[in-house]
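Please read through the structure below; I'll follow up with questions.
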Amino acid sequence: MIEALPIFLDALSFVLILVLVASGLVIVFGMMGIINLAHGELFLLGAYTVVVAQGLGAPFWLAAALAPLVVGLAGLAIELLLVRFVVHRPLDTILATWGLSIAIKQIVVLAFGPGSHSVAVPIDGAISVGGFTYPAYRIVLMVVATAVIAGAGYVLVRTRMGLLARAVIARPDTSANLGINTGRVTQVSFAVGAGLAGLAGALVAPLISVDPQMGLGFLVPAFLAILVGGAGSMTGLVAGGSLVGGLDSLLGGWVSPVLAQITVFVLAILVIRLRPGGLFPGRGRRP
Amino acid sequence: MLEFNNIQAGYGQLPVLRGVSLAIEKGTVLALMGRNGMGKTTLCKACNGLLETTAGSMRVDGEDVTGMPAFKIARRGLATVPQGRDVFEDFTVDENLCLGGPVPGAIYDWFPALAPLRHRMAGTLSGGEQQMVAIGRALARKPKVLLLDEPSEGLQPSVIHEMGVVLRRVVDDVGLTILLVEQHIELVQALAGSVAFLANGVIAEQVPVAVLSDTLNDAEGPVHRHLCI
Amino acid sequence: MNRLTPSFSAATAAVVFVALALVPVLDSGYWTGQATRYVLFGMFAMSLSLLWGRAGLLAFGHAVFFGIGGYGMASLTMGLFGDGTVWALLARPWVALPVSVAGAGLAAAALGWFLFLGRGVSGAYLAIITLSVAVIVEQAVRGVYALGGDNGLVGVPALGAWAANPFDPVPMFYAVLVTAVVVYVGLDLLLRSRVGALLTAVSTNPDRLGHFGYSVFAVRLGAFVLGAAIAGLAGAMFVATDGFASPSLIGFGLSAEVLIWVALGGRSIVLAAFLGAVAVRLAEAFLSGLLGDFWLLALGLVFMGSVVLLPQGLIATPMLWLNNRLGQGSKSKSRAAPGPANEGMV
């Protein structure tokens, strides 16, 4: 039993990162009804921010704190310069953001080369409790991710900003008639979603190989998490992330990564058939 | 206080409003009536900025708000109670009310029935209670002009009557200007000072409410001419 | 009007296909071989245009069906399933070809059954589901040893002895070109018929179509399967031309590429989609060497610009403009009722 614990902890850290990544997608989909296919590249930019910082000799935690700001600004730029013009054409937004993701990937290739970079793990060593040991950095990552997710949830549910955001998601027209600047709320939310993805990328950078193709590997599970959990509520996001991330990670470790992905995918389309809104559809956009 | 000058608007290639001109004096209630499909809701949307007008101008308290985005028109003093109430079901009554701004205590004076329901989810309320939330939410903004789109829809007659009483009190207390889009004649008679009829995309006729009441059953009266087939 | 008149359409198609038929006259070696691949990609693009441009289904994983056709063809003609008499029969290229196409169609029917039944999934969800399918299928295929893993299947036989000379790509080129013309004409006729109107209806106003007694599900599924079958046909012939089936033909990369071709060419006009594929591949052949890593960046930026500014497509927009100019200049009585899809419509 104790031997299985590291596998569960690995799955948990994957789930937390997935929820961070998926939350940005959900915010944008809930608020604007669009899918941002460049979201994986926002994750990527967070990881590369850490690479750059490492190259400049800056400490990891500074970079990890800067990454959400940098990527959040990038998100704002994307909203202002691209998304704003196609937001009323949801299918074209998917394509336009896909084109952007190609462009961003290529810029990264041009700047850093197509190969992978490695980021040094900022906290060496392992924590031993009882009979087993587990890498210390992973524990810290999980704590940080949980704190951020909880913080985001708190802001959403208990602050005025969160109230305004939820209002715009639920009824954008009525919100506008109440004097809420829905355009500004949407922009800020887009940037926040981007920042969360950037933070996820920065946190994960020491654990995986940082290369220009890494975005897609997290984007697909994030999509599946949203399909399964539902795009309308935090509960859905956490549930979807847990199911998809957990299955993917556990099956991937025990059986094979490919079989894990196939299983998760089959689960997702079964859920879609039976409950098109996901397990917790909430009251937002219908899929 | 609220002025439309030759407003034209429509959906795509379909023109609906073909030149609507209306003026509502401060502190008065104007009812807008018309058959279904004549453009009453379209006028509401053009008024509060949800629909772009193709021609004409609009003023709130003398200020030209033509073409402004909806949230700016709202901030200039126009509050809307939309058709179907549109309360935020997953928010509490309090949260609904304070979405527009800090809630004046007067709201709970006007709607005493809402006071015990402050922390209830708006989605669990009855139609009449939701309507009070929707109106209260609009009034919490301390608006200069209140736009009500078919507030009686889906409500039972006793509730409609109560709503009329409350709105009458608000108008008297605060001197609010109201544009009331309505089908329900009794509510119009209770609240309005004058009545305008929208037909074929223009204001066909405007009469004081007394004339409406006097000619209610006249085949030649405005009600029959504009509202019955 | 955003459809081409039948005469304009036929004229431009004739120009395009006659021009292509003359390629072997210019260079019967390398460029004929390249042109064969371009035409096959063009066929693939046409199938996506049917799906996306007419039926409104944005499929991000369309290469899966191209790849099923390809791998089906490869594994059947290479006898990977065994030596029995049935398999020997299926190994004959002219039998393997329709079987592979049918395989692609069946796979589409299965996936489509999940996706379109009931209310069906929205455009956005369809896109991300099909994207996920492509990523997962490619990984799965790479993991299967029998299918050659990462290296794919090498040594796929040609369609017949007439095409088996590796130094003479001309016969295969004409076979492919004729197939493309047949597919084009078939699609054009189909889209001008009542079926075309149904597809337009299902993409613009599905609820109303249901009220008329048509099954939105059946129309979507039919379009999806037909699109997959044509893609499978292109894939099967591609593999028979190349002699080689690789995982890159079944995955997300090619799915994204074909989307770019169709978006740049013109999603609603089948010929424009075809030309989009040919044009982008040609441009890539000349520019990617020149621009190196900047080629993909340029492509991404042009793609973004096209989606935002010229959503009808960079080739379709001038085609439509020309078509409308010529229509206005004509003195014939206007048979165009105000509305887009009126050819042959009830």
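A, B and C label the chains in the order they appear, each numbered from 1.
Throughout what follows, a residue touches a chain if its C-beta (ideal position, glycine included) is under 8 Å from a C-beta of that chain, and two chains touch if they have at least 3 such contacts.
Just so you know, these numbers come straight off a predicted model, no measurement behind them.
The touch graph of the protein chains shown is a line.
Measuring from the average of all protein CA coordinates, the nearest chain centre is that of A.
For the pair chain A and chain B, the distance between C-alpha centroids works out to 43 Å. Centre-to-centre spacing of chain B and chain C amounts to 53 Å, using the average Cα coordinate of each chain.
Centroids of chain A and chain C (each the mean of its C-alpha atoms) stand 33 Å apart. Contacts with at least two other chains are made by no residue of chain A.
Residue positions of chain C touching 2 or more other chains: there are none.
Chain C contributes residues 56, 58, 114-115, 117-119, 121-125, 127-129, 131-133, 135-136, 139-140, 142-143, 252, 256, 259-260, 263, 293-294, 296-297, 299-301, 303-304, 307-308, 311 to its touches with chain A in the complex. Interface of chain B with chain A (complex): residues 48-50, 69-71, 74-75, 79-80, 82, 86, 88-91, 95, 99-101, 137, 141.
By the touch criterion stated above, chain A contacts chain C in their complex at residues 29, 33-35, 82, 85-86, 89-92, 94-96, 98-103, 105-107, 109-110, 216, 220, 223-224, 226-227, 256-258, 261-262, 265, 268-270, 272-273, 276, 286-287.
If you check the complex, the residues on chain A that touch chain B are 163-164, 166-167, 170-171, 173-183, 283.
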